[in-house]
Amino acid sequence: MTPLLEVSGLSRRFGGLQAVRELSLSMARDEVLGLIGPNGAGKTTAFNLLSGFLAPDHGQIRFDGRSIVGLSPHAICHLGLCRTFQIVRPFPRLSVLDNVRVGALSRRPRMEDARHRAREVIEQVGLGGKMDHPAGGLTLAERKRLELARALATEPRLLLLDEVMAGLNPTEIEAIVALVKRINASGVAILLIEHNMRAVMSLSHRIAVLNFGEKIVEGEPTAVANHPRVIEAYLGEEYVHAPSR
Amino acid sequence: MKWLGAAALAVLLALPAVLSSYAVTVFIFIFFYAFLGQAWNIVGGYAGQLSAGHAAFVGVGAYAAALLSAQVGLTPWIGMLVGGVLAAALGTVVGYLGFRFGLRGFYFVLLTVAFAEVCRIVALNTDAVGGALGYYITFTGNPRQFQFQDNRVYYYVALGLMLVATAVVAAIERRRFGAYLIAIREDESACEALGVNTFRYKMLAMVVSSFLTGVGGTFYAFYLFSLQPNAVFGIPLSVEIVIRPIVGGAGTVLGPILGSFILSPLAEASRVYFGQGGWSGVHLIAYGILLIAVVLFLPQGAYPALRRLWARPAAR
Amino acid sequence: MLNGLLFGGVYSLMAVGLTLIFGVMRVVNFAHGDMMVWGMYLAWLLAIRAGIDPYVGFVGCAAVLFVVGLIVQRVLVDRIVDAPHEMQILLMLGVALVLENAALVAFGPDPQRVRSLLRAATFWLGPVFVDVARLVTFVLAMALTLALYLFLQRTDLGRTMRAAADNAYGALVIGTDVRRVYAAAFGIGAACVGAAGALVSPILPFQPTGGLSLSVASFNIVIIGGMGSLPGAFLGGLLVSVAESLGAVFLSPSMKELVSFSLLIVILLFRPAGLFGRTTV
């Protein structure tokens, strides 16, 4: 079976900085792939490349067997790859329902159908009580759910989540983790950038680690967590040989 | 709300029977500028792309229809469509350049102003269309030539135009097109990520808006009978177009109409009381102050504020 | 052509004022040209009522415009610094409308000129014919620009302004009174253009409705030189002035305007960041 996502040799530089270097990944249909690495490792740049917001210098991205390099973000969304933003971007003056409806309209051009689908998705993410609330007035945790709902409404097969746990307290994080698990269980593959290690370990089937734009390690969560190169990347060389707890 | 609208419409339809010719003229301007403002509303209010050069489209439509009527004998009833199409062509160019090259905010405003000014200067220097002296249409009063003896017919035509534009905007608002435009105004990048082809929808808004504005140009030509490049392409006209939706409520269906009902009488009153000559700029000072006040205190315009006031007692 | 270069001093001063405001506050002053027109009329008033030559009176004009800028900023602009760009544009358009038409009401629509003692003085510098008035204008404009440069480099307030221009948030974090900096920047920007207006008043005729073309000229220069870049505005001013004077030799005044706007369109499309400027608006 063809992988849902196949990335090979993806590279992008900005002036003197090589932000992403020869990145190669692949993802199966239902899996959750965690993408971790220190700040500045190139994770969000990778997301921008995958979702069409940036063009790669070279490399290939295949989504469901089809090359998506050079396609615009909206075209890529229509193919089934949808991304969220690290700093959430709700439509502040629109209601929660209208926000999510924009996402739904991409699949359901008729306003009533889109509205119906939007309501469903909003209930799914647990924002049902805030349907007509202006998005600008939501709490951060609620905005994250909104961002998720909007993306879900586009009926993606692959969802790119960019630090969706950032800024949330432990209770909120637990709730979002549960939500992401439910989403994945419903058949959506997820590529997840995350700094919260517990969340990543709990959610991911596999983890890939980036450092200085390169993938340094990839594998099962526990194997990755104990990998010396990962420890070196995050904590520095001295810790590689520190006794584990 | 519906019965209120119907009642208002009935009143407007009946008014000419009781109004003086002067009052009818005032209403004609209210309706006409509301029409232009409504057309602008599509791209400036809903899509959030501030154009300060919409006069260019009025001018193109006006000159096109006038020239076709005088040189070729084409009735302006068809000429207005031609004018609209030509204006839409210009709109396509401006929109394409602006949106393809990623011009937003201040840069886009400048682009639209630059295009309008270029049109103005070209018209000023082209003797074939009258140059600086302007282009004049002979009055024949022939309805086939979009000219009417009775002021009141113009009243109904202007009212009709305003209603058509409003219907177009209402239709847009109800559909996906409108929902997308509003979202684009809020955050373009987020829209792209959600599958919205922002370029296509902005272009569509620009084309519809400029087409309607061009049609309005024909009315302008055959109501005023003289086309002066400085008047018909100039910044003052663009200001008149923009200020009504802004004050009344950009991105709402009734905003431009409300704005016109507020501003046209204001302009007329200041013109009457302060006379001509050096004082003719007074109404523009009022415009400036109103614009500032709206931005500071009522950024969404008068209509949304009124709607909130209306809703509050009902909600309790 | 030399006269074109000399006139460039004024262009530079205008542009520097505009770019300072944008650089520090990220606000585009649409009323820039209209403020300059007021500078011209104030110089005219000083000359007519008090007999003060504009080459002396420009100081007064700059001072008055400084206060005007301060007031506009404190009362109006300050409230919308964080608002969406459209709101800022509309606000400044409103200010422009008020300024332009207040001038129209106050002074009438006819073009004016100011008589200066230096008006008729000219001399030959080698093979070139120099207009003393323009020369003095140039020297004074350069002096003011230099003074501004020194102010930004050497004084505390100036350095704070540059810091705020680079990173407003960071400046806030370290306790800068950003509002004071903004007010000063706007005031200085207005003062620049007020002085520029006064210095130009003996050379060119002016009228209230000239505000727009002056604004557009300023935008042209600032965009070429780079929004927010002072050296860019400075050089841009000289460049554009020379180009214009060359153009004037070959083209009629009307065509000159056409070229000016066409140039603006081209620049907007291809180099909105300008020669030195930042890429983000």
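Worth a mention:
Labels A, B and C are assigned to the chains in the order they are written; within every chain, residues are numbered from 1.
We take it that a contact is a pair of C-beta atoms (placed from the backbone, for glycine too) under 8 Å apart; a residue touches a chain by one contact, two chains touch by 3 or more.
All values reported here derive from a predicted model rather than from experimental measurement.
Using the mean of the Cα atoms as each chain's centre, the chain most removed from subunit A is C. Distance from per-chain Cα centroids to the pooled protein Cα centroid is smallest for B.
Computed centre separation for the pair subunit A/subunit B is 44 angstrom, with centres defined by C-alpha atoms. Distance between chain centres (mean CA atoms), subunit A to subunit C: 48 Å.
Separating the centre of subunit B from that of subunit C, both taken as means of CA atoms, is a distance of 32 Å.
For subunit A in complex with subunit B, the residues that touch the partner chain are 51, 53, 72-75, 77-78, 82-85, 89-94, 98, 101-103, 105-107, 109-111, 114, 150-151, 153-154. Within the complex formed with subunit C, the subunit B residues making contact are 48, 50, 52, 97, 101, 103-107, 109-111, 113-115, 117-118, 121-122, 124-125, 235, 239, 246, 277-282, 284-285, 287-292, 294-296, 299. Every residue of subunit B that touches subunit A in the complex is listed here, in rising order: 174-176, 179-180, 182-183, 186-187, 189-198.
Listing the residues of subunit C that touch subunit B in their complex gives 28, 76, 79-80, 83, 85-87, 89-91, 93-102, 104-105, 107-109, 208, 212, 216, 219, 254-255, 257-258, 261-262, 264-265, 268-270, 272, 281.
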